[in-house]
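Shared between the two complexes below is chain A, which has chain B as its partner in the first and chain C in the second.
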Partner chain A sequence: MLLLAPTVLALAALTVYPGVWVLWLSLQHRIPIFDVSRFAGLDNYAFLAGDPRFLNAGRATAIFTVASVALEVVLGLTAALAIHAQRGGRRLALSFLLLAWAMPAVVTAKLFEWLYHPTAGLINVALGARSLNWLGDPGLALPAVVLADVWRTMPFVAILCYARLLAIPAELYEAAQVDGAGRLATLTRITLPMLGRILLVAVLFRTLDALRAFDIMFVLTGGGPAGMTETLTVYAYRALFQTLQLGFGSALSVVVFLLVMAVAWAYLKLLRAGTTVAA
Partner chain B sequence: MRRPARRIGTLGDVVVLGALAAYAIPFFWQLLTSFKPEAELLRVPPLLPSRLTLEHYRVVIEQSLMPQALGNSLGVATLTTLLALVIGLPGAYAVARLPLPGKRLLLLAIVASTAFPQIATVSPLYLLMRALELRDTWAGLVLVHTSFALPLTIWLLAGFIREVPIETEEAAAVDGAGLLGIFRWVVIPLLAPGLASTALLAFLFSWNEFLFAYTFTVSGASRTVPVALALFPGVFEVPWGDIAAASMLASVPPVLIVIVLQRFLVRGLVAGAVKE
Partner chain C sequence: MRASAGRVSRPLRSLLVVWLLALGGCAGGQPESEVVTLVFKYARILGRADPLPALLRSFEAAHPGVRVKGEALPWTSDDQHQFYVINLEGRSPGFDVMMLDCIWVPEFARAGWLTDLTTHLRPDELAPHFPSAVAAATYGGRVWALPWIMNVGLLYYRADLLAKHGLRPPETYEELVDQVRRIRLAERDPALDGYLWQGKQYEGLVVNVLEALWANGARLLAEDGSVFPEPARAADALRFLRGLIETGVSPAWTTAADEELSRRAFGDGHAIFLRNWPYAMELFETADSAVRGKVAVVSLPGRARGERGVGSTGGAHLGVSRRSRHPELAVALARHLASEPAQRAIALGAALSPTRQALYHDPELVRANPEMPRLHAFALAGRPRPVTPYYLLISSTVQPEFSAALVGVKPPERAIADARARLSYFLGAIR
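The block that comes next holds the complex of A and B.
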């Protein structure tokens, strides 16, 4: 028990206690600069129900999450299979991938801000001297943010899949070869089923991360243009620290929290179900 | 008969490596930009500069907050890593080895807190930091970073501890070693690679963290690298070259870890996902 005391103490003080406090804050009108601080009941939540900006942020969060996780899984799986099939240079290959993953998201945002530059950006140059305003055009900004996020986090999915591929027993492949299975059959009958579980785990981790993503859009677009890239987390942060509505912002934070927990719970159910079926 | 197949294999290797090198282009392009003369930055094509210059690095090092921020980040990330390991190692050992009442619940709480969104606690933590006068200090950042690195640390270390055969510990106990002795002479040496993996991930988390660092810092006294980079000043126009140089400096520790300590990094990443 004594061994766990510091852990329990630290988590209680810095996670659980603020976790309860934020619920309390979300039930208040609290705007420090106007000296407003009073109990408001569920007012903040009631306001959210009819808040178009909240709905817009929910939409941006949903599109961002679904698009980036889907792309990450497809690209990550492809990269893992390609690296696994290599005879040499795997270490170097992994280095190129991990480079993108290990850097701060703020650096990624700066890298892509430069790539998206309307006149001197490499992307427009590569597209044949176009002058697309990636971060300023309401139709392009969200895809541009998704692309930057996929670049940074696809390697995570690739590494997990690659590690799982290494653990598939060689006998399985030999048996398939003896049975005369072709490349495609081997891929769909052996490799992909063996990857099923780790893919589910990767999707879980990535979905949770995407739902609470903040750095990349905050630095790259600041939620703009016209709120097209303002996710729930960015909206909550701006309410808290730019308009200093501590109560209302906390209500938004609680919504993000509930969303993340609901998704985590649903996935864990799914994982459990998968395990019992397999066993 | 084998030779052509092998040659195609090698060609395949080259293609894959080429594709992955291309994947890293955003990084290399920024690297190149950081050495480009100011006058050539906005003139693309040509892609390659006429000469290379260290001017941007000179500006960043002499005139920006970056050197101070690098010091802050190094300090905060190192202290966070140490604190998370010191608190987390005994906790992980208890979780992995000792019979505890309510262990399942505790494990669930630890897993749940790894999924905790930072935005959910940033407002109370802000009030807490203000009340304790920990805003704009290393101590404040180390504390909040540790609270997020700790669940991950325990999760990973508990997994690594379970991999240590329990017989070695039992043998030491038979030889009369106490819990502390077992820890010091048996568990820690066998755990060293796992400790390294865990430490790397905790360090990277703290080095890269932006939301808390941005909220709880006010000045150069505690601003970390991501914050300094996000707030990089441009007076009349965006100093793309200086920003590129600053991004490269911000990437030095992560890049070194990827190149030199890749084995430990991958092991930690995979362990975190595969353990039940």
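The block that comes next holds the complex of A and C.
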């Protein structure tokens, strides 16, 4: 018990104290630079409940998270299986994957800004006469941002899966071969079930990251056009750091925090259920 | 003690000595080395040559015992603002003189972060500057910053194309639209766009929409603090901008365009008209420019049955931190940097426009840029964005609404009404 004390204290100082402080701030009208500081009760939350920009940011966050995580898992898994099946060049393929993963999000965003350039961008040059208004079209901007995020983070899923694939004992496959299982049966009966838990972990990490994604849309679109790519974190940033509405911004942050906690809790429950079944 | 000290290896010991010396240096205060250090925060200036280091050295030469450190700000305006806010609110006086975007001055003054310069200045000291630049530096009847760099929205046009088709530069947007149609019809070049401007959801969009509002007799903020006092005219201006995109006068990607995106497309020879700041002028005349010698500027158009066209002003000011430990010297540095010789050096070295009006007729500057006298007239007619401490709050609230109207997901009337409703909640919390 005593040995735990430093950890508990450090956690309390680093997370509980600021957490409670943000919660307290969210109940106030607080804009320090204009000397505004008064209790607001649930005003900020009431405003959020009817705030179309907030609902819009929630929608953008949900679409971004679901779409990017789904694509990352499908592509990451495919890439892992492809590399595993490959005879030579595994190391080269892995290095390429790691390169994308190692790039800071802002660099990726800048890279895609050039790819999406309306007249000189590689993508539109390739499309020729049918070039698209990637970052300026309200229907395309969010998919464009998702694509950039998938490119950057798919390798994370791929490398996790690949590591697990290497750990599947060869005897399992040999036994399957002896039993006359085809390729498809091997994949669905052995490979995928063995990957199940690591996939769940990858999805957990990626979902939590995607819910809090910020840099990629901030650099690419600044939340536009028409707020279509403005996620909850971008909205919170604008309120907290750009216009210094600490009270209102804190209320937004509390909502993001609760959302992330709820999702994390749901996943952990799933993970635990998985463990008991396996045991 | 001695034994353990003796065991410390030689390199480590010399490191220790350096460290102790550094500690001593930090403690400072020795009378014989009384060097005052001023820190100047500024955004790195693009151009042929950054004139700032030389200007800082000349200040040091005139003030023995003073050292000036120029420190770079983050790259984007948003990041610069955040840097200042965190450091000034956090009470860490890490700098003395700061380069400020003119839209921040009232906010920083209201927050108590700037030194009141009114008493430091001679009564007529700001008279040589543009009145709109002085207005942007003034809040509550006091002066909080020195005007430094001037900016104004201009209409660039392809003089060669207009001359070829016997057209004069447009005075109204209606004429501009007509000219775009005629030139494109005759040129039969599918890659030739009409009118480029900045429609991405960011501060530049607010500037462009404001210019459209003003041309249509509408305002964003009235003197009494009400927002969009002419909502119908404001919605009409937004509808006109949307129309430019819908009819193809402006390309679809205008909704993603910032200054550089539109400047490059025009510079590659892919457009007839461009709304941009004076900095682009020099870039169009470089040796490898596709439009060299083909570009001219004119004041922004007005509307056929509306106001005359007027460009929004912008630019940078110099403020002195309220917590500077050497306020007198810091004010002297700001004055030195905003002086006529300094502004001339900046105009020559970096092609940024001065705030001192006399320089627009300075022989040396006119030789470098023959458009200077005309630029003076445009800048003099320019109009500042609303001068209010809440400018950033207002701007970041209206940006998504303006953008929604431009991309067509919201009718202009709704966009204006929504912006008003949101602003009344946020401004209500402050007032």
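We take it that the second predicted complex is superposed on the first by the 261 of 279 C-alpha atoms of A that agree within 3 Å, B and C clash if a C-alpha of one lies under 4 Å from a C-alpha of the other, contacts with A are read in each partner's own complex, and residues count from 1 in each chain.
In the analysis below, a residue touches a chain if its C-beta (ideal position, glycine included) is under 8 Å from a C-beta of that chain, and two chains touch if they have at least 3 such contacts.
It should be emphasised that the depicted structure is a prediction, and the values quoted were computed from it without experimental measurement.
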| Between chain B (first) and chain C (second), which does A:Val178 come into contact with in this model arrangement: first, second, both, or neither? | neither
| request: Look at the residues of chain A and decide whether chain B or chain C touches more of them. | output: B
| said: After the superposition on A, what does A:Phe241 contact: first (chain B), second (chain C), both or neither? | reply: both
| request: Scan A:Thr119 for contacts with chain B and chain C and give back first, second, both or neither. | output: both
| message | Between chain B and chain C, whom does A:Val22 touch in the aligned arrangement: first, second, both, or neither? | response | first
| message | By the touch definition at the top of the document, which applies to A:Ala49: first (chain B), second (chain C), both, or neither? | response | neither
| message | Tell me the contact category for A:Ala170 with respect to chain B and chain C: first, second, both or neither. | response | neither
| request: May I ask you to decide whether A:Gly249 touches chain B, chain C, both, or neither, giving the answer as first, second, both or neither? | output: first
| query | In the superposed arrangement, what residues of chain A touch both chain B and chain C? | reply | 117, 119-120, 241
| message | Give the list of chain A residues in touch with chain C in this complex. | response | 29, 31-34, 36, 40, 47, 51-53, 117-120, 133-138, 221-228, 230, 238, 241-245, 247-248
| Can you list the chain A residues touching chain B in their complex? | 1, 3-4, 6-8, 10-11, 13-15, 17-19, 21-22, 25, 79, 82-83, 85-89, 91-100, 102-112, 114-115, 117, 119-120, 122, 125, 151, 156, 159-160, 163-164, 198, 201-202, 205, 208, 211-212, 214-215, 218-219, 233, 236-237, 240-241, 246, 249-250, 253-254, 256-257, 260-261, 264
| field | chain C to chain A touching residues, read off their complex | value | 78, 81-82, 85-86, 89, 107, 110-111, 113, 199-202, 251-257, 261, 264-265, 268, 270, 389-390, 392-393, 396, 399-400, 403-404, 406-410, 418, 422, 425-426, 429-430
| remark: So, in the complex, the side of chain B touching chain A is made of residues 9-10, 12-13, 16-17, 19-21, 23-27, 29-30, 33, 41-45, 47, 86-88, 90-91, 93-95, 98, 100, 106, 109-110, 112-113, 115-128, 143-144, 146-147, 150-151, 154, 204, 207-208, 210-211, 215, 225-227, 229-230, 240, 243-244, 247, 250-251, 254-255, 257-259, 262, 265-266, 269-270, 273-274
